[in-house]
Amino acid sequence: MTGEEMHALVERLYPLCRSITGDGVRATLGIVGELLELDVHEVPTGTQVLDWTIPQEWNIRDAYIKDPAGNRVVDFQRSNLHVVGYSVPVSATMTLAELRPHLHTLPGRPDLVPYRTSYYAPTWGFCLSQDTLDGMGEGPYEVVIDSTLADGHLTYAEHVVPGRTDDEVLISCHVCHPSLANDNLAGIAVATALARRLREPRLTYRFVFAPGTIGAITWLARNRESTGRIRHGLTLACAGDRGALTYKRSRRGDAPVDRVMAAVLRDRPHTIVDFSPYGYDERQYCSPGFDLPVGSLTRTPYAGYPEYHTSGDDPGFVSPQAMADTLETLWSAVEVLEHDGRYQNLSPYGEPQLGRRGLYGSLGGRSDTKQAQLAMLWVLNLSDGEHSLLDVAGRSGLPFGAVAEAAAALEGAGLLKRVGEGA
Amino acid sequence: MTGEEMHALVERLYPLCRSITGDGVRATLGIVGELLELDVHEVPTGTQVLDWTIPQEWNIRDAYIKDPAGNRVVDFQRSNLHVVGYSVPVSATMTLAELRPHLHTLPGRPDLVPYRTSYYAPTWGFCLSQDTLDGMGEGPYEVVIDSTLADGHLTYAEHVVPGRTDDEVLISCHVCHPSLANDNLAGIAVATALARRLREPRLTYRFVFAPGTIGAITWLARNRESTGRIRHGLTLACAGDRGALTYKRSRRGDAPVDRVMAAVLRDRPHTIVDFSPYGYDERQYCSPGFDLPVGSLTRTPYAGYPEYHTSGDDPGFVSPQAMADTLETLWSAVEVLEHDGRYQNLSPYGEPQLGRRGLYGSLGGRSDTKQAQLAMLWVLNLSDGEHSLLDVAGRSGLPFGAVAEAAAALEGAGLLKRVGEGA
Amino acid sequence: MTGEEMHALVERLYPLCRSITGDGVRATLGIVGELLELDVHEVPTGTQVLDWTIPQEWNIRDAYIKDPAGNRVVDFQRSNLHVVGYSVPVSATMTLAELRPHLHTLPGRPDLVPYRTSYYAPTWGFCLSQDTLDGMGEGPYEVVIDSTLADGHLTYAEHVVPGRTDDEVLISCHVCHPSLANDNLAGIAVATALARRLREPRLTYRFVFAPGTIGAITWLARNRESTGRIRHGLTLACAGDRGALTYKRSRRGDAPVDRVMAAVLRDRPHTIVDFSPYGYDERQYCSPGFDLPVGSLTRTPYAGYPEYHTSGDDPGFVSPQAMADTLETLWSAVEVLEHDGRYQNLSPYGEPQLGRRGLYGSLGGRSDTKQAQLAMLWVLNLSDGEHSLLDVAGRSGLPFGAVAEAAAALEGAGLLKRVGEGA
C-alpha cells in the first residue's frame, strides 16, 4: 500500500463512531478485513479479563442539543466527538445553566472540540467548541442522546502472518477512538500495509486490532499462555503526523526490539525515550506480570501535539508521506529481525585474503575505501560467535543492510558460517 | 529549630576557642548539650587510637604582641584566630625580624586573618592581617602566648536517637575549629536541629560531635566493632554559606546514601562530586579498612570560598535561610531513609482497574494526568520485588514523596505488599 | 635520539624504494640496523602464511615515460612514487590514449603525485601529477618499467629488549611504503629511538619492522604460539606530522594498553577513537583469532590529512618536535607499564599519621595542599589490593608519576606493600 492508499483508508474509517465496544469497532474491522484476513473475536459483557470485567456494549444512533428555534447547536451527525463516549441515554429540556455541567470545551483552543469518554462511571455529556458555547443563550434546550448501554460484546481482531518459526512479533494498535485520524486510524492503516507487505517471513507476525486498555487486557487474558512466544513487539499509534519518529523503549529497556529500533532510527530524524507506564497499550504488555519486550512507535508521541484528542486531529492532520515513512521504518526493523544472526569467521587468524576471492578491489594505496569492503572487514573482525550482525552495524556505524550483504558475500565465499540467532 | 535559632546558636558558639582538645571543645559541647542530650567522652592523653596517639591537651588564656608603646598590635582577646593552634607558651621580647618567621598572613587578602594550626610539631605563631603586618615597625615587641600543653583528654560527644531497628545513620561533624562560622559551627547547628526534629524513627540516628581527624579516628577506634551497624552516613560541614549544596559521594560511589542524596538533590540547585580522600572526616570513615557508606554534605565545599579558613568566615558569612535549606535537604533524605522499601504488585498482569477502587479519575480522554495517578502507575509497574520506591522515583522522575504516597494508597487498596528494605 | 636525529633518519630513509618485498626494505633495515641490533628474517616466495602466500619479490631499477623529444616526462629517478608498486616490466611505445588507462593522478590536488600499488593483480602503471598529465601531448611516448617479479623473499626484522619477565610489549611499524615520510618513516624513527632508550626494563619489548599486512601476517604465522606472551602492543604510524596525537583502542576496547594510553594522553591534546578493522597492522593483531591487546598510536590518523599517500608526505611534512613528542608519549606509557602495580595499605583503618613519619607538612589549616600529599592520601585510600596505581591516577586525576612516587614513599615508610601486577 502506498502512502496515498493508507491515507484513503484513514479517510474511509474516519466517520465511524468507535468506542471500546459497539458497532463502530465492528464496522472498522469490517473495512480492514477487506484488505487483510482477520479473526474477529466477540467477548461477552461480564466476562472477567484479568483484573477487569467486560462492560456493557455501547451504541449510539443520534444526539443533539436543539435551541429554542429548533436548530441543532451541537449535532452528533456532524461529528461523533460531540458526545462523551459511553454517555447514557438522555431526553430532556433544560436551561443552559442546567446543561452546563455536562458540556466540555477547550477554552484555550476555542475553535476545537475535545474528545472525552466515561467508560466506567455512568454519566452523559457533550463536547463542543468554546466558540459554540459562547454563542449559546439561556435556552431552554432540547437535549437528546439516543444511545443504548446493554449486554453485548467487546470486539477485537487478529491477523497472523505465519513464519518458519513460532517466535512471534506482535504489532498492536488500538481501534477504540472515534473520529481522530492520527490517534489511531493512521496506526491501523500502517499496520494493515505492513501486514500486506510481509511474504513468507522467518518470524511469525501477529497483528492485534483491539480497543485500548480493556481490549489489550482482554487479548492478554485470553492468550496468557502464548505470550511467551512474543520475542519482539510494538504498539503503533500516532503514525501519520508530520513530526519525526519517536520510539519508546520497552520496560526492559534493553530488549532486542529496543536495540533494533535504535539501529533503524539512527540515520533518521528521531527521538528515543525510556519506558513509562503511561501512553498506549505498552502499559499492559509491559505490566510486571507479563513484562513483554514491547516498545511503542509513534511519530509525535502521546499528548505531544495541540490537536491531540481534539477535532483538529482530522484526516488533514495526517499525511501520506508520513505514513509511508512510518511504514518504511517498520520495514527496516522487519529486515533486521528477519536477517540478523550471529556468525563465525572461519578464517579468524589475520584477515583472509579477500582479493584472491574476488571480494576486494586490487589497487591498493587509495584512501577512499568502499562501504562494502569496510562492511566485510567489520563482519570478519566481529564474527566470533558472540556478536550479531546488529552488533556489527552498531559498532561500525554502517547500515544494517550493508552489513547483512557483507555477511552474505562472505558466507558465499566460505569465510563465514551462521551459528545462531541475532537480536 | 528555625534558621534564626540555628544562627543564634552559631553566634553563641563563635567566640569560643576550640581546638582538637581543651576547654573550648568542652564549652561547645556544653552549649549543644543544653539543646540535646549528649554522651560526652573524655579520652586520656597517650591513648593509642588506630595509628595515632591522643596528644597533650592544649589550653590558652591569653596571647598578644605588644608594641613599644604598649599597644596590643595582635590580640588573642579580639580573635582566637590570632594564635596558631597548639602554640607552645612564649614570653619574650624580640624585634620584628626575629618575630617575622612566626607570623602568618594572607598577602592576597590583606584584610583577613588566616587560620593555622600545628598540632603535632611543637612550635608557636601568630596569624594576622597583612595590613596589620605592614603597619608594624621594627619593635622591639613583647610577645606572649599564655598557653599550656599538658596531659589531659580529648573530648567528643554522641547523641543517639534510637529507632525501631539497630541499623544506624551516622551524622558526624567536626568541633575543633575556633572562630569559624561556616566551618563548622553551621554544621553543628544543623546537626543539632536535625537531631531535635527526629521522633521515633525507624532507623537509629547517631550524631557524633568530635574534633576533626583525631576525633573521628578516636571514635572509630573505640567503636570498631559496631561500625557494621552503620547503613548510611554523612559528614556535615560548611552548612551555612549562601552557595548551593554539594554532595560528595562515599568511597563506594554507589552506596544507598549516594543514591538517596542524588534523589533528594535532584530538584534543588546542587553539585555532586566523586569521593576524594581529602576534605572532612569522610576521609577516616571511608579509609579502606572501614570503607563505610559515608558521604559528605556541604554547601560550598572545602576550600571553595575565599573566606575559607580566615577571619572572613564569621557569623555574617552564614545565613539562617541557608542553614534552614541544609536542614530541609537532610530532612528529605531522612524521609527517604525512613520510608523507602521494596513492594510487590499483587495484581501484576495488566494494570489493575484503579477507577473501581476509587484511585483514579473517571473521565477519560484528558491529557493532563495528575502526578498522583502517574505515581500509582509507576509504583505498580516497577513493584516486582526488585525495585525500591527510590528506584521508582529515580526512573519516573517523580518526587519521592509522591511515590511513597502512591505506594501507601495502593497498599491500602490491597494492590501492593511491602516485601523488603529499600535504599 | 633527539627529534633532530630522528628527522635525519627519516631523510636518510626517504629516497629508498620500499615495497612489501625487495631490496628497498633490505636497505631500510640495514640503516636501522646501524642504530639497533636487528634479527632480519627472509621468508621465501610461496610460503603459506595464515590465509596468504608470500608473493614473488619485486625489484625495480628504472622507469620513465619519454616524450617524442626524448625528455623523461615521468621519471622514477626523481621519485619512486611515480611507479605503481609491483608494476610488471614494460617496454613499449604508445600514444597518450593508449597510455592513459595506466596513469593515476589526483585531479583535486593537481600538483601532487599519488601513491598506488597493485601487489596481487599483475598490472603496471604510473603515478603523476594532474599538472604533468595536462601538459602531455598525444605522443607517441616511450614507456619503460625496468622491474623484475621473481621468486625471492619477504624481509622483516625484529629487535628485542629483554626484560626481567617474559611478558612482552609489542611495537610494530610497517616498512613497506616508499618515499612517504610520515607514513611510515617517522614511525620507524620513533620506534628506533624508543628501543635505544630502554635500559634493563621489567617487561620485554619486541619491535617488529615488517611490511604492512603481509608482513604482519607473516610475523603472526611464524610466532603463533608466542603471541600469548604479548601483554600490551601498539602499532606506530604517522608519528611525525604536526597534528595532535590519536590513540585507537584495541579491539577489546578495555585492554590495559587502552587504559594506559588514555592515562598518558589525558594531559596532552589528543583524540581517542574506538577500534575499527581498517588502518594499520592492528587489523591483523586484532583479528578475532588472535584478538591481541594492540592499539594504534598516530598523530593525525590514517587518511586524515590531504598529503596522505601523496608526494606531499615528504620530510618537510614531519617535524623533529612532533617526533620527539610522540617519543615522550610512548616513554610515559613505558613508565606506566614498568611501574604500575597493585598495593596493599598496611594501616588501612583511618589514615595513618603521615606527619610523624616525615611524610606530611606539619602546619595544618592551609588550603593549598601539595600534590605529593594528595597522591599519598589517594594511594592509601585505594590500596586495597584491587586498585592499581593506574586506577589511582585515573580516579584521582593526578599524574601517574606523582602516584608512583607516593607509592614508593609509602612503601619506604612501611605503610604499603606491593601485592600484584598493575595494568
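Lettered A, B and C in written order, each chain numbered from 1.
As a working rule, a residue touches a chain if its C-beta (ideal position, glycine included) is under 8 Å from a C-beta of that chain, and two chains touch if they have at least 3 such contacts.
Values in this document were obtained by computation on a predicted structure and should not be read as measured data.
When the CA atoms of chain A are superposed on chain B, the rotation angle comes to 120 degrees (nearest 5). Homomeric contact chain A/chain C: same residue numbering on both sides for under half of the interface positions.
For the pair chain A and chain C, the distance between C-alpha centroids works out to 53 Å.
Chain C has no residue in contact with two or more other chains. Put simply, chain A touches chain B in their complex at residues 50-52, 84-85, 114-121, 123, 213, 216-217, 220-221, 224, 251, 274, 276-278, 283-284, 286-291, 303, 308-309.
Of all the residues in chain B, the ones that touch chain A in their complex are 345, 347-353, 355-356, 362-367, 369, 374, 377-378, 380-384, 395-396.
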